[in-house]
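Presented below is the structure to which this report refers.
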Amino acid sequence: MSESQFLLEARDVYKSFGLNQVLKGITLTLKSSEVVALIGGNGAGKSTLMKILMGIYKPDQGVFKINGQSLENLSPKKSMKAGIYMVPQEPMIFPHMTVLDNILIGFSGKKADLEKKLEHFYRQINCKIDLKRLGMTLSIAEQQMVELLRGLMRESKILILDEPTSSLTFDEVQTLFEIVRDLKKKGIGIIYITHRLAEVFELADSICIMADGKITLRGETSKFTREMLVQALLPPSFTPASKTRSELENKIRNAMPILQLRNFSGYGFKDISFNVLEGEIVGIAGVVGAGRTELANTIFGKEIPLGGNVILDGEDITGRSTADVIRMGINYVPEDRRSNGLFGISPVCANITSALLDSKITGNIALNNAEEIRISEKYIKDFRIKVTSPYQEAGSLSGGNQQKVVIARSLSTMPKLVILDEPTRGIDAGARGDVYKIIRELSHTGVAVIVISSDTEEIIELADRAIVFCRGRVSAVLEKDDINQQNITSASFGIYKEEANA
Amino acid sequence: MLKQIINRYESKAFAFLILMFVLVSVVNSDFLTGESVVNCFNDSVVFTLLAVGSAFVILTGEIDVSVGSVLGISAAVAATILRDGGSLFWAITMAICVGAFFGLVNGIGVAVLKIPSLIFTLGTYGVARGMVYVYTGGAWVENLPAWFTSASHSYLCGYLTWYYALVLVFVIFVQFLLSHTKKGHNFIAVGDNYQGAELVGINPTQTKIYAYVISGVFASVAGLLFTSRIGFITPMSGNSYEMKAIAACVLGGISLSGGLGTLIGAAIGAVIMTSITRILVFLGLSSNYDNTITGIILIVIVVVNTIIQNREIVKSRREISLKRIAQKAFIDNQEVSK
Amino acid sequence: MKRWDLTLLVILILEICIFAYANPKFLMPRVIFGSINDIIPICIISLFVTMVMITAGIDIQAGAVVGLSSIIVGVTWQDLGLNIWVASLVAIIIAALVGLLTGYIVAYYQVQPMVVTLGGSFLYAGLALLISTLSSTESYKGISGFPESFVNFASYRIGGVLPVQVVVFLVMAAFAWFLLHKTKYGRKIFLIGINQNAAEYSGINTRFIIMSTYVLSGIAAAVSGILLTSYLGTAKSDLGATITLPIITAVVLGGTLMTGGKGSIIGTALAAVIIGVLKFGLPLCFRVNMQYLDIPVGLLLLIVISARALSNRPEVIVFISNLKKKLDSKQDLPLIKTT
Amino acid sequence: GDLKDKTVAFIPKLTGNAFFESANVGAQKYSKKVGYTVEYMGSPNASVADEVNVINQAVARGVDAICISSVDATGLNKALADAMKDGVTVVTWDSDVGEDCRTLMVSQGTPDILGKMLVDMSVDALQKRGVDPKKKAVKYCWHYSQATVADQNSWQKEGEKFIKANYPNWVNVAPDNYYSEQDAEKAVSIGASVLEANPDIDLIICNDSTALPGQLTAAQNKGLNKSKVTITGFASPMSIKNFAKSDIIEEWGLWDCGVQGAIGTYLGAYLAAGNEVKVGDEIDLPEIGKIKVMPNDSLVPGSKTGAKNNGVVLLPERLVFTKDNVDNYNF
């Protein structure tokens, strides 16, 4: 009976997609009241393993046991019956259903009871989404919330959270942590997948590191240090880039403002005024729904402004079309890579040059293939994008490399200002380092950069100046030395007082 | 509750139908005799079944262009049996088997082999139509027993035929199942978000196969009613009905991208589609206008509806955004008042 | 994609070989070119519907536009007294406007293209009939008596062998190929089909491009309508009534993805010819009656598409690659021995 | 010449239509008896492009003669002229093409004969139910397949002319006519609407083989019969038999399309075998009898006739069916 000490056992799991062998004999165990953090680079196979546990993918091979009972031919139905539930990495919302239906679909039982239960969880996670809203009106963050509620409602014995915090902000992450701890007390086993190492130490009982389809390291959290994890995750040749601040400071001090916002208002933000200087990295922090993405979208001509001005290099570009704005010298890396960023079944080179199609560089009428390849290869080299050739399908790249492709696309137009929205969401540590390096190098060349991020560490690491949004307004402007976790957090909730820090 | 009903797309479609009737009555008061109005419904019985069957498939996010041909082959099979003195039971059974068979083939092709539905059903469309010719040798199936054809005009009450009454009750019943049972929800869920449906434990493959089988069976039942109503079967029976069935679904507010719409809507759409022919007669307009008017109604209704819908989506998104900022002001005021 | 084009080429050659074997007459230039005339409208239109479908749209009204342009040629020539070539130009312009309207509704109002063109297929067929009733010639008669130059145009054979229609098709295919695969415009079409949102974030004017593909397909339909009118010597409102589904079949068999983003002009052209040759060869060489042709064409579609879907399955790819490895290793074997 | 090894392609406007299928049955039976071969080739769609396609196929297949009912008066001319250039004999039946693009035409009658026949049947049936067609302002309408179908429209035109000339007091309630596009479902629906929209209608003429049974079904559904409304038209006897037996219809007509098919294909084989005919000649068909070649202008006034192998052959008789004689026919 020693076996049944495990809530879940998955042994020797193999899985390949065509010729791509993703899982090469994974063994994973989970006890009740245990939080196992599963970490690993993009494409390590974490989500694949979880989808196999959920019965969505069929494994090529593998033994699965729950409480010592072996399970065969898993299907989502069977897995759920066995007490497994996964909150997926990519939210799967039914766009034409209300939030209520979205959460309750697939449940049996009286609707009234279910609603009561739902109310309980709503209060617990402090969720404010209107239950009557349609799925299609939800932002990604809200979608993730709904997914989480679905998971909680299941009251399963084994809960899988696949990067649950990638779109959540600080306070919501804290709420989530409380919930996880609460569940743990109830004896529920949790598999927690994340790219944020801080979360691992805060939450996990034990850690599994996955690389190249295998578990390379496993042990109790107390036995690991942050450095050990980083070491285990990074590719052997990786050298982290260092910040050269003093050099930058001089540059910025004499710089001209590239972008000026004057009382700029739109749907989701109001009265925004700030400048971005040549070569400066401005971080925009804030909680979910603070209106940062809306601001970026409105500057980029995707939504109509409601007042104020956007001035780029002395020229008023308020309300111009996207194509115009790109021509004037702004480019934007959208936050939702899958739906707004990437041309999945198109080659990498076509992705990178897609924003150049209106410029003469790629030819007059006929497409200049040689030039296209030249440009693509330059970025592939500069950004160390891992591809077999510039003709590889972009969708087949790992998340980090996809993100680099999208960034390359926005830089290919030689913009004066780049806005990066959540540039490292869902990206592993290695790729993240690369992206940071790209951003810094960019600012060295005099390009102004705005980084929108919900990851406070990222703002601290990158920004020369941080602007914190709260409910559509600027609640604080933090100069370099004031950028820290506490200030950003308090400002995000609109309770930051400059005097207090002075 | 009342407001909800009024806001439903089906109610608007129904209102449009009534408006059509009123306009015609203004021009030609003969139309107002109950008979003509009720006959608009009676005449739609075949298309109602086709449209409702197609609706199942469309709700799951696929399409079925083989229904017209399946109607043809089922009708030919049933009619031949009846003409040769076979029993009604046998005719019905065989027709439904044929429909279910083609539905199953479609379902397997689309759901299991994952072939785009338009293409796969285009293939079965051709095969089924060709089989009508092979089966009948190109000849008409005529002289069906009178009891079978006269059943099509036996009336439940007034001018309402049994056929339409039964089909209507059936459609309402099926709609009830669709919106109030778990299995019913599956169809819409699969069309709304395939992977999401999979994740919450729905078997999308199975659901799609069901949808196609239902569509095939509905088409074959439509074929039976067609046979009974018409009394003879030509090899071209049901030709191009698939497009009209799809048009009926669209008029009834079913989204071709799946996950949105009701069977009631499809049934109303079918009545609108078939009424156009009749209405022209009453308006004294040449039948030459038939297709033109159908096309205009289809395009205008759908364009207007889409514009309104898209506006509403943008509006609600903007409202939500504005509300978020407004909350801030609210909190500020509170703090100040403290 | 290239692989699929090649597969289609092999299927076509196989088909021709089988037919030629069954009936050597099949290969006589006069016979084979004579038959090609009958499928040219489908071939030409499917080239441009390919572009529409790559943007993730669909055009099922092209057949109706064929009839509309034919009757416009007839009516403007006969009743308005326009020069026949001017009349043809008018037809092309009107078809382009029809495409523009359709494209506008699809691109700017975001109405589902299937619905708009379904409505269009009713509307333009209906309009064609109405226009024909305006003519002084009764609708049933078909407008005829066109000038010799026009009537002879479509049946003219260059060098006495190669029909002009085939040349028109080849020129349009080359044009479409260049446009789609070699220009920036074509690249935009692909990108829009793959991800319209991302294309917008790349600054591509997606709506305009989408609209323009419908204009092109409208023009292609008009060209086909004019060719048909010239070939038959008569203008009728129902000329294209039966070609819609064959067009879609050709485009998809040619490897165009229904969801957009993938497709090839060469593939479409080959597929259109495959279907045409099948429809001609079966009656000629195997005495299949034309009314049964839906079955083999339907089956061809089902088999080819199913085979393709299966061959793209991971299991099958693995199997094939294992097979390849085995074959390779077998070939290696003697080498090892000798060394 | 010998007809033995001659092959004739028998081409209908469309397949799957009762009229053409019956004609084919007649042609096949007769060819077996006489000893030539008939191949039935056609498209399920009545479209010019499709029919040209069928002609090209027949020529490519190497038939000796084509016997065709054209969907379009001019659209086939070029294809048929090309076929003749290739040495294929072209005969038309039922529906003609340009007179120089074929040899003989086997006609069921000129449009005015058939138009008049429709009106005559109507008048007879009206009289039988006690209506005086000379006195009463008979309300009538036409219901057939489509405004684009050549022969049906030409009969309607001539019939209408005949009515205007002989029964000027009649009233056409729908001068634009009703069309049901050979769609049976639509024929019933239109049929019912016609009866409802015009409750006092006296006469409906359905010169289309789908429209007639559809219209009769509608009348039957409404509980009408031949004493309340007169419906007549062209359709095969088999398809209307049951309606006649239940007294929904008094009489309807057609010609013996089986004989027409037989004559057409025979003439095709006969001319292909090298025989020559000219206007005025009589051809002796086994079991059918002698038929006379007439000039083309007996069908279309003003048309020319070639010196040899060109002209028109008229079917000897057109048939009117009633419930008493319908059992004598099986097509």
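Per-chain numbering from 1; labels A, B, C and D assigned in written order.
Here, a contact is a pair of C-beta atoms (placed from the backbone, for glycine too) under 8 Å apart; a residue touches a chain by one contact, two chains touch by 3 or more.
This is a predicted model, so every value here is computed, not measured.
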item: Chain whose mean Cα position lies farthest from chain C; value: A
item: Which of C-D and A-B has more C-beta pairs touching across its chains; value: C-D
item: Distance between the centres, which are taken as Cα means, of chain D and chain C, whole angstrom; value: 36
item: Between chain C and chain A, distance of the C-alpha-averaged centres to the nearest whole Å; value: 44
item: Rounded Å distance, chain A centre to chain D centre (Cα mean); value: 74
item: Chain A residues counted as touching two or more neighbouring chains; value: none
item: Numbers and ranges of chain D residues touching at least 2 other chains; value: 15-16, 44, 147
item: For chain B, residues contacting two or more additional chains; value: 129, 133, 138, 235, 255, 286, 288, 290
item: Interchain contacts (touch definition) - all pairs; value: A-B, A-C, B-C, B-D, C-D
item: Residues of chain D touching chain B in the complex; value: 15-18, 21, 44, 147, 174, 176-180, 182-190, 192-194, 196-197, 199, 210, 213-214, 217, 220-221, 238-239, 241-242, 246
item: Footprint of chain C on chain B - complex, ascending; value: 63, 65, 109, 113-116, 118-120, 122-127, 129-131, 133-134, 138, 235, 243, 246-247, 250, 255-257, 286, 288-296, 298-299, 302-303, 306-307, 310
item: Chain B-facing residues of chain A, complex; value: 54, 56, 75-77, 80, 86, 88, 92-97, 105-106, 108, 133, 135-137, 150, 267-270, 289, 291, 294, 470-473, 494
item: For the chain D and chain C complex, residues of the former touching the latter; value: 15-16, 39-45, 47-50, 52-54, 56-57, 59-62, 72-78, 146-150, 152-154, 157
item: Touching residues on chain C, where the partner in the complex is chain A; value: 178, 182-188, 190-191, 194-195, 197-205, 261-262, 314, 317-318, 321
